[in-house]
Amino acid sequence: MMIGIKELLRQPGRFASVGVALTVLVVLLTVLGGFLDGLELNQTGPYRAHEGRLLVFSEQSENLIQRSELNKAQATQLAEVDGVAAVGALNQIASTASASDGEILDIVLFGYDLATDVLPPPPSDGAVADDAMAESNDVAAGDTLIVGANSEPVIVASVVGDLSQGSPTVWVSTNRWREIVEVSNPAALPPEDVNQALVIEPVPDADLDLLAADLSSIDGISAVTASGAIDSLPVVQQQSTTFEGIIGLTYVVTLLVVALFFALITLERIGLYAVLKAVGAGTKDLMAGISAQAVCVSAVALILGFGISLIFINVLPADLPVRLVPSRLGQIAVGVVFTSIIGSLFSLRRVLRIDPAEAIG
Amino acid sequence: MYVAFKEIRRSLGRFTLLSLAVALLVILLLFFQAVAGTLTSGLTGGLESSSADVLVYDVRARLNPANSLIPAPVITQVSESPDVAAVSPIGLSVFTGTTDGDEIDVQLVGGDPTGPSVPAEIADGRLPQGPGEGLFSGSGFDNPIEIGQTVSVEGIDFEVVGTADDAAFNLLPTLYVTFEDFTSASQNRAGIPIEVAPSLLGVIVVDGADPAEVAEQLTQSIVGIEALERPAAVDALPGVGQITQSFNILYVLLYIVVAIVTGVFFLILTVQKQDALVLLRAIGTGSRDVVTSVLIQVLVVVGAGAVIGTVVTAGLLQLTRDVFGASLDSTTTTLSVAAIVVLGLLASVGAVRRVLAIDPMQATRSGAI
Amino acid sequence: MPALEMSQVRKVYGADDQQVVALNDVDLTVDDDEMLILVGPSGSGKTTLLTVAGALLRPTSGSVKVGGVEITDLDDKEAARFRRDQVGFVFQSVNLVPFLTARENLLVVRQFGGSKIDGAAKKRADQLLDELGLGGRGDNLPSQLSGGQKQRVAIGRALMNEPPLVLVDEPTSALDSELGKQVMDLLRSEIKGRGVAAIIVTHDDRVLGYGDRQVQMVDGVLSSAAPATATTT
């Protein structure tokens, strides 16, 4: 291994080419990952605000809130299941809101009953606004939003971060939601005692997956965790499939770049490796050196690639849905290092075939 | 040239590997273009393929078709405006429908099938002519519905009488029906005979008129509306700007990756055969011959990679049609492949510079370590 | 116990009509402090004998024992370990690792097989470099050393693991007469001073006098064995 590291330190120029190629691939992976996360996170804020809770939809709705309807009897049935501490309503409708600056925004208006780790208890009269509105239109607590076609005024009680669902969201109590929908879009108002979805607050220390399975066994009910609901969203599925396909292919390219580089560099070093084998180096020693080089080159490429991506993403227009999430960066780091090690091992066959006798004569 | 092809023949393994690497980059680019194109057209196809030159929105909808409702008097006002040849209401709403016993989300587009509410081009079959008929366009992500199949929405059975390509709204299976059927479906869902207003108006301008000017003039002259020519309306769709801008950035990044990675491969290859090149220079081969040999190899490798990449991508997209619903577009593919070949040649500048820097004197020195 | 015992060693390259017999039933014994000079024309099989003795090549038949241990049936891993611990090689083309300093070129053989380079190894490398007259050159890369200095580093690498058998291939072929003499003086003093066995393959008449014994090889056969004509120290 030492010999590999020494070569890297003494002759870094030899590795510049593969380093540059890996760096641009890291930038590509990071930006792709950033867009994937950005698109997903920007569309799933309301679901993620319910982490630690269960979301319940009607079974035929495929966990899509706009297709789901649950009646009072079902809500009562759910409340009686062991492990359920509280059941609350969750309804949504696409609407518009005008902020104090007069600009009309597309919003999604949510009606809810239960506080979560993210959402405060529903304000009795006012609303919780997504901080996307605070950023784009300086909406702050105390401001009045004019919601819907019939201009219902809603006073912002507080601003909470990361609640967007494609558009910014505004959260009011279920009763207020019904009032607003009734006047602005009566055709979309669910009948009395019917809600689109229900939120289950579990008793402390409840196993969410087990509870979800229990609740889902009730006829006509589908209970999922927040991440389960997110996975059911067609737009998330389609974007994830697209981006994950591209990201997967980028890893294959990375693998091939590393494999090709080390295959070519091994061809160049056959004489040297023959000498080292002649003086007692095993294939394992030589491969450890090659893999150590691959790890070091990929580590440097990761540092440079992350740095460049950070600068690149910062100069992109602010409204683009791109977010750097630490877990994604960790995933890319592990993925690139692992891919590089695998790529470097492609030289194994060639190294194995090197005859130490070539060192002599 | 002789040396270039001889080397390729003798080191077939190495050059095959290089071609495969380039092929993989081509796959990455074409695959991304295809699936991203499908995703974008699933969002924009409905408006993009529309036969309307100009689209009219309720001004409060902020160019979002989902929020727009056009009051009845506006239809008359628009149709009486100068340079307007035809007007059709366009009703848009997402319904839960069933087909072959499966429940699906379906986007209904209600309008005048003889006016500017339907796609400009029909792929197969015909336009709906009366109640109970529909023209289908898939999003690419769903199973296609074929001519003759029936889709039931709120108690109305629609027989699919024609199909159109890339004319879906909101990434959903989309059914173009008469405005009367659209109204009935909306009323059936509400349970009461509510008044159903169109979301948009589609306008065809008279021959020779500029749609952008007509749109501007409509916006100015009629209170409460905002009109845009079709391409501007497509760009204004919510989220579309963000997605197309994001994809454009990724295209640029991908081209950079293709150029750099291809360049790096050839640089490595040139460095690797430096001794042979030194020898060639020493026995009298001119730099021009050696450079030509490198460029020919780049062309062969990148060309072969592009062909393999295109064929594999086409196969891959065919195999994953259920997942991505995408296929290769011949114009985009040709342009991309040409761009990759040019980039490959540009990227080999590093390798060529290396060749030009070779001193034939090196051949007289010992290469031993 | 002899350092090297070769008995009825045969090495055949190729097959059928293309067969070349590089070693033809060779018998050779080298005592544990003997310095043997192996001479012969090009293609006579000298280098093959060296590679077989050093476990770089397996003979087609016959027995090769180093320090009493049979080496013809070692697998690749065992052969690598044997070469690392029991044999020191000095190659014709020197073959130093270009990106390692003189000291690191000595230390590198200690590091194979998962061993660690400890203080004792570093001390031994410095001591060897001093003995070889390279005390101030330990941190120089091969490109910063002259031909003679590189050859001395190669000798140091061969002796680093204190092997009982040193195999040297054409040590003076790339050196002028003055440097060649210096290198051979050094080689003899290092080998004899340590009491290890050595086989030196050469074409160079100037080297003949450095051995305890001289063996000639022609067409794969050890055709004559004669005592060294002179000993120079």
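Going by the order they are written in, the chains are A, B and C; count residues from 1 in each one.
Everything below uses one rule, namely that contacts are C-beta pairs under 8 Å (C-beta built on N, C-alpha and C of every residue); 3 or more make two chains touch, one makes a residue touch a chain.
It should be emphasised that the depicted structure is a prediction, and the values quoted were computed from it without experimental measurement.
Closest chain to the protein centre (all Cα atoms averaged), using per-chain Cα means: A. Greatest centre-to-centre distance from chain B is found for C, with centres as Cα means. Between chain A and chain B, the centres computed from C-alpha atoms are 25 Å apart. The distance from the centre of chain A to the centre of chain C, each centre being the mean of the chain's C-alpha atoms, comes to 62 Å. The mean-CA centres of chain B and chain C are about 68 angstrom from one another, to the nearest whole unit. Residue positions of chain B touching 2 or more other chains, listed in rising order: 369.
Shared contact sites, meaning residues of chain A that touch two or more other chains, fall at 271-272. In chain C, the residues touching two or more other chains are 95, 97-98. Taken in their complex, chain B has these residues touching chain A: 14, 17-18, 20-21, 24-25, 27-28, 31-32, 35-36, 39, 42, 60-62, 64, 66-67, 69, 94, 96, 103, 105, 141, 171, 186, 189-190, 194, 238-239, 242-243, 245-246, 249-250, 253-254, 256-257, 260-261, 264-265, 267-269, 272, 320, 323-324, 369.
Here chain A touches chain C in the complex through residues 2-3, 6-7, 10-11, 271-272, 275-283, 285, 355-357, 359-361, going by the rule given at the top.
Partner chain B is touched in their complex by these residues of chain A: 17-18, 20-21, 24-25, 27-28, 31-32, 35, 39, 60, 64, 66-67, 94-96, 104-106, 149, 166-167, 186-187, 234-235, 238-239, 241-242, 245-246, 249-250, 252-253, 256-257, 260-261, 263-265, 267-268, 271-272, 316-317, 319-322.
Residues 47, 50-51, 54, 56-57, 76-77, 80-81, 83-85, 89, 91-92, 95, 97-100, 104, 108-109, 111-114, 117, 141, 157-158, 161, 169 of chain C are the ones touching chain A in the complex.
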